[in-house]
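In what follows, structures are represented as structure tokens.
Next come two complexes built around chain A: one with chain B, the other with chain C.
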Partner chain A sequence: MKIKDTLENYVFVLPAVAIFSIFYIIPFIWVFRLGLFDWDGISFTKTFVGLQNFKEIFLQDRNWWQAMWNASYITLIALTLQNIFAFMLALACDREIRMKNFYRVIFFIPPVLSEIVVGMVWRFIINDIEGANIINRLLAGAGFPNLMHHWLSDPKTVLTTVAAVHCWKGFGWGFLIFLAGLQTIPHQLYESAQVDGANAWQLLKKITIPLMIPVMVLVAILTVLGSMQAFALILGLVGGEFAGHTSVPVLRILSSMRGSSPRFGYACAQGISFGMILVIISFIQYRFSNKGQ
Partner chain B sequence: MWFKHALVCAFVLFSVLGCSEKRIDTKPTINIWHWMTDRDPAFQELAKKYEVLTGVRVNFELYAPSEAYSQKIRAAAQGMNLPDIFGILGEKRDFVSFIKAGHILDLTPYMEANANNWKNNFFPKALAVNEFAPGNSYGINPGIFGAPIDIMTIQMVYNKKLFSQLGFDPNRPPKTMQEFLDMGAKIKAAGMQGLVSGWGEVWMIDCLANNYAFNIMGEDKVLATIRGEVPYTDPDWIKVFDIFKQMNDSGVLAQGIVTMINKSAEQLFANEKAVFAFNGSWCVNVYKGMNPHLEYGVMLPPQASSEHPMAIWGGAGSSFMVNAHSRNKEEAVKFLTWLTDQDQQVYLAQVTNNLPANKSSLSKIPEILAQFAREMDYATHPNVWGNSEFSLVIEAFDYGIQSIIIGEKTPEQVAIDVQKIKERELAKKR
Partner chain C sequence: MKYALYYKSKKVFINTLIHIFLISVAITCLYPLLWMIVSSLKTQDIIFKDISLIPQQLHFENYANALREEGFGRSFVNSIFYTSVSVFSVVIIASLAGFAFSRLRFLGRTVLFYMFMAAMMIPIPASFVPLYFLLNKLHLRDTPAGYILCMISVGLSVSIFLFKTFFDKIPRELEDVARIDGCSKMGIWWHVALPLAKPVLAVVIVLNALNVWNEYILALIIFDSRKFMPLQVALQIFQGEFVTNYPLLMAGLTIAALPIIIVYLLMQKYIIKGITSGAVFG
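And now, the complex of A and B:
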């Protein structure tokens, strides 16, 4: 009877295991295997190079680490400014304010737009030559003409501009998840605390934030994964890697796959390395949050 | 009960139909994959015409944008699912990979049949892109592996109306680099934009830099550099890098050119916001669509040296290859022969504003296109050089020039950086 039960259990999980293996595990192993070869992606002949591609990525490829740094910078801004802004908006919309449903819809529009479209639209908004130069005009109109700048063609400001647009596009996801989290907090907790004389700051510090930590961790993990993998937005906004100033890991992988001598094997190794780095970061975040709780 | 009867009848019907002889079309369907959005309606029209003439159905399938098309072709090659005719986007090495993998039919016997009848239709430089000479460095058997359907050259264009406004002679574009640089101050003072181009996408930087490398040091030295015999720190290469610094300092480059995508550059030029553009002959069609009344002329990039002739990138714009594994390869070759005949080439040129690959079609094309075609003698292309530079070196070269333009690095620093990567790649190869 026990064996029958056990077998039955395995039969139930078999479809899920099969789907997971076919669409996740096998491709991962296959891509890792390709990463061990020097291959242009077309030829029948692949040269086995062992871990040479991985060694090159970690020890020699300065462009790769520049790209990692750029992606980390975008992620850092998204983790802080974007998520704080999203949390504050979620707090505002959680209260009984007029037109709160309208705000929810408006805030959710940027995330559902295509990254490339957002990039092109913001390129038009920001660019002073090709576009409408709206940002600079607003700055001049507000009495800050000295802040007018070539935001996208100055290497000192281009990555921050990219990060700002990325935050604009991404904050809606955080907003939505935070709002859903806030709505699960029982109102009785706030009411009892208010009866005990707690002020707004104390309610936030003692009730909202502690109960929102699991949601914050989820948002942080999603932000890291989304920001580190951003690339279409950059293509739309600045057209490419701009002398390395806007290069990010996915653009480096694409760059390895094309060009005069495509390195498909190397691109696969970059993909695997990047995937592993993201898994490690997510794991660390998860462990820290568990400790925090 | 009626349901059971219906089920039995259906079973019998399908069984009988299943046993019937398969209908065999005497005329095959030729499948063609391409990425040329602007040419698709013309291709569909020609396909209809060909079906009326021969009874052979031609099915053009468009996959755009070009990046998606490239990926599709690669995936199809890996899965052995290529269509009867297809094009390859990318560098010569991509083309070589497809040939080495046995995907592409050698068209030489067809080209050379009847005293080179088909071959003689083409501009030799257009054919050269698809041709492999004996002893080529790629290790490919000599032959012609593709039929060009149009040609292109990448040159400069200038706005005649803005030239007049600035007090320049609209019929005399700058011929030397000094004349060009001198115009920069006037353009800047008038608040106009100078040269626009898609330098955010970097390959066009590579193109102009190579033009000047040929002009300053000649073809032999450029090719010797690619072979690793001349370093990028050579004074001639520093002169090439310095041209970009000079252009930037003079104000002849448009603001933000290093992050400009070519579509934006085309809009700026078509909307008469820029005096010059560095663009390929495909721009004729683009400008016509954006501003039919635009008055512009074609010019070679201004010479930086009188020691060697100026070079421009040119040759086959788009080519079609025949799938060597196709069951319809004979019909596919016949269709390509028909497509590159004079009448079809003139039709394509008139409808799509691309330069025809058939040299006898030139007399019947618009004047602005003919201007692009006239400089075909100066045309060269990395695909015909016989050696390819390492892609990491090209990347460092192009990004280095971007760094020079934004004032981040000097020409000397870029030369050192590029040479370091070249040496590393050469060491790896050894």
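And now, the complex of A and C:
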């Protein structure tokens, strides 16, 4: 009876564990194994090359590091501009103000759209067809015709344009989490400080920001993970890697796997290196937050 | 009295500034989507000339044409099919597991639970490479079943977490009453736990639906046959090699985006709750 009882309990978790093991754990282990092989993904023979793939990534693969740099550039812009902006919006909404819920609903529309759709819609808005680029029209209308530009076909501006659209899509996330965090700060704290004669700036510096540090770290971690791995937006917006100007790690991995001479082992090694870097960055940020408290 | 008036007008002034700021951001959020929808109703020859938001003629036939284009309509059906089957399966499988992790005792319970939770935190950006290989071996590549199984696996961790935290809060007495009435464990899960879990059910359904509907990379590598492709991947057929038919592309984008926006607007309460409760966990 006792054994039957326990066995019945396993029935509840069996489907989840089975699917998860086959489609998550096994691929996870295989990534590490395949990273040590030279293999095209089709033939029966895999050649064991040890850490050769990693050596190539870290010492020779300039395209890979270009892609890492591009992703870091997008991530840095998202970390600073996008998150500061999201925080300001959250502060503006965290008060007795009308239409608060309306704003909250609208700001989260871009994040629910898919990256590919956002990329394609913005490609249509910032196109290079003469007189049809809405951003350029706005610039000309605002009196800056000399700032009009072919944003997506100039190698110098294309990555920044990608970062800007990425921020448009992403700020709603930060906003929502910041707002949820702000609403957990007890009102009495502000009131008693105001009684003591603190002004708005002091309230922000001495109460809001210190209490929000854990939330800020959370948003920072999510931003890094999301921005470093973004790629479909680039496919939609630019159409591809644009001779390396908009290549990012996931696109590199994809092209290692799907190129004219596919290299599955190398793609896995790239994935491991990239995953490790992401875990290390998240861990450092997490430690930083624990020190800050 | 004078001071009160001063502070009041100052407050009104600041609030007005804040509203102007917030409204301009809201316009920036909505304008591209409005532009997408409006452009989907124009024709190719006026789409770049007439930039008004209210076109003179509405060409709804663009939608019919877009759906006919190279099986795009089929992709729409595919997306609905993948989303509904994956979401339904995730709800059943994750609620069973969440119930077990919360209520039942068995060897390895903690280890298994942390296994699911760890997956939420460890990014594996190249997992699609071995997944491709694995599905090939199982003869599941380029099949809807293979894709749906992958999507279920992707959704499990968060959903199990949400269900478990909710079931933890259900008082044990309710369960005891059901047991005394002769309810089996499955019966308690189905008749007691699930009906109580309606709010969390909504969160799980909506989050997973968004996720599957918007999924791109797995669909890209799993499917070779056009007839199986979901919307997000099928959108590429509108981007012609030489000439892009923009009104058709915009109609296609609207078809891909509008259902998710409508679902979001109807269920936004649950989505926002899901995001914030997931975030609190992280």
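Here, the second predicted complex is superposed on the first by the 264 of 293 C-alpha atoms of A that agree within 3 Å, B and C clash if a C-alpha of one lies under 4 Å from a C-alpha of the other, contacts with A are read in each partner's own complex, and residues count from 1 in each chain.
Throughout what follows, a residue touches a chain if its C-beta (ideal position, glycine included) is under 8 Å from a C-beta of that chain, and two chains touch if they have at least 3 such contacts.
On a predicted model such as this, the values are computed, not experimentally measured, just so you know.
After overlaying the two complexes on the shared chain, residue contacts for A:Gly197 are found with neither chain B nor chain C. Once chain A of one complex is fitted onto chain A of the other, the partner contacts of A:Leu225 are limited to chain C, with no touch recorded for chain B.
Ranking chain B and chain C by residues of chain A touched puts C first. When the two structures are aligned on the shared chain, A:Ser153 is found in touch with chain B, with no touch to chain C. Applying the stated contact rule after C-alpha superposition, one finds that A:Gly50 touches neither chain B nor chain C. Looking at the shared chain after the overlay, A:Phe108 reaches chain C, while chain B stays out of its contact range. In the superposition on chain A, A:Gly141 makes contact with neither chain B nor chain C. In the superposition on chain A, chain A positions 41, 129, 239, 258 are in contact with chain B in one complex as well as with chain C in the other.
Residues 40-44, 60, 63, 123, 127-130, 150, 152-155, 158, 238-244, 255, 258-263 of chain A are the ones touching chain B in the complex. Listed in rising order, the residues of chain C touching chain A in the complex are 15, 18-19, 21-22, 25-26, 28-30, 32-33, 35-36, 39, 47-48, 51, 92-94, 96-97, 99-101, 104-107, 112, 115-116, 119, 121-127, 129-134, 149-150, 152-153, 156-157, 160, 185, 189, 210, 213-214, 216-217, 221, 232, 235, 239, 246, 249-250, 253, 256-257, 260-261, 264-265, 268, 271-272, 275-276, 279-280, 282. Of all the residues in chain B, the ones that touch chain A in their complex are 70, 74, 77-78, 90-94, 97-98, 100-101, 193, 198, 200-202, 254-261, 264, 267-268, 273, 382, 388-391, 394-395, 399-400, 402-403, 406, 408, 424. For chain A in complex with chain C, the touching residues are 6, 8-10, 12-13, 15-17, 19-20, 22-28, 30-31, 34, 41, 89, 92-93, 95, 97-99, 102-110, 112-117, 120-122, 124-125, 129, 131-132, 134, 137, 168, 172-173, 176-177, 180, 218, 221-222, 225, 229, 231-232, 239, 249-250, 253-254, 257-258, 264, 267-268, 270-272, 274-275, 278-279, 282.
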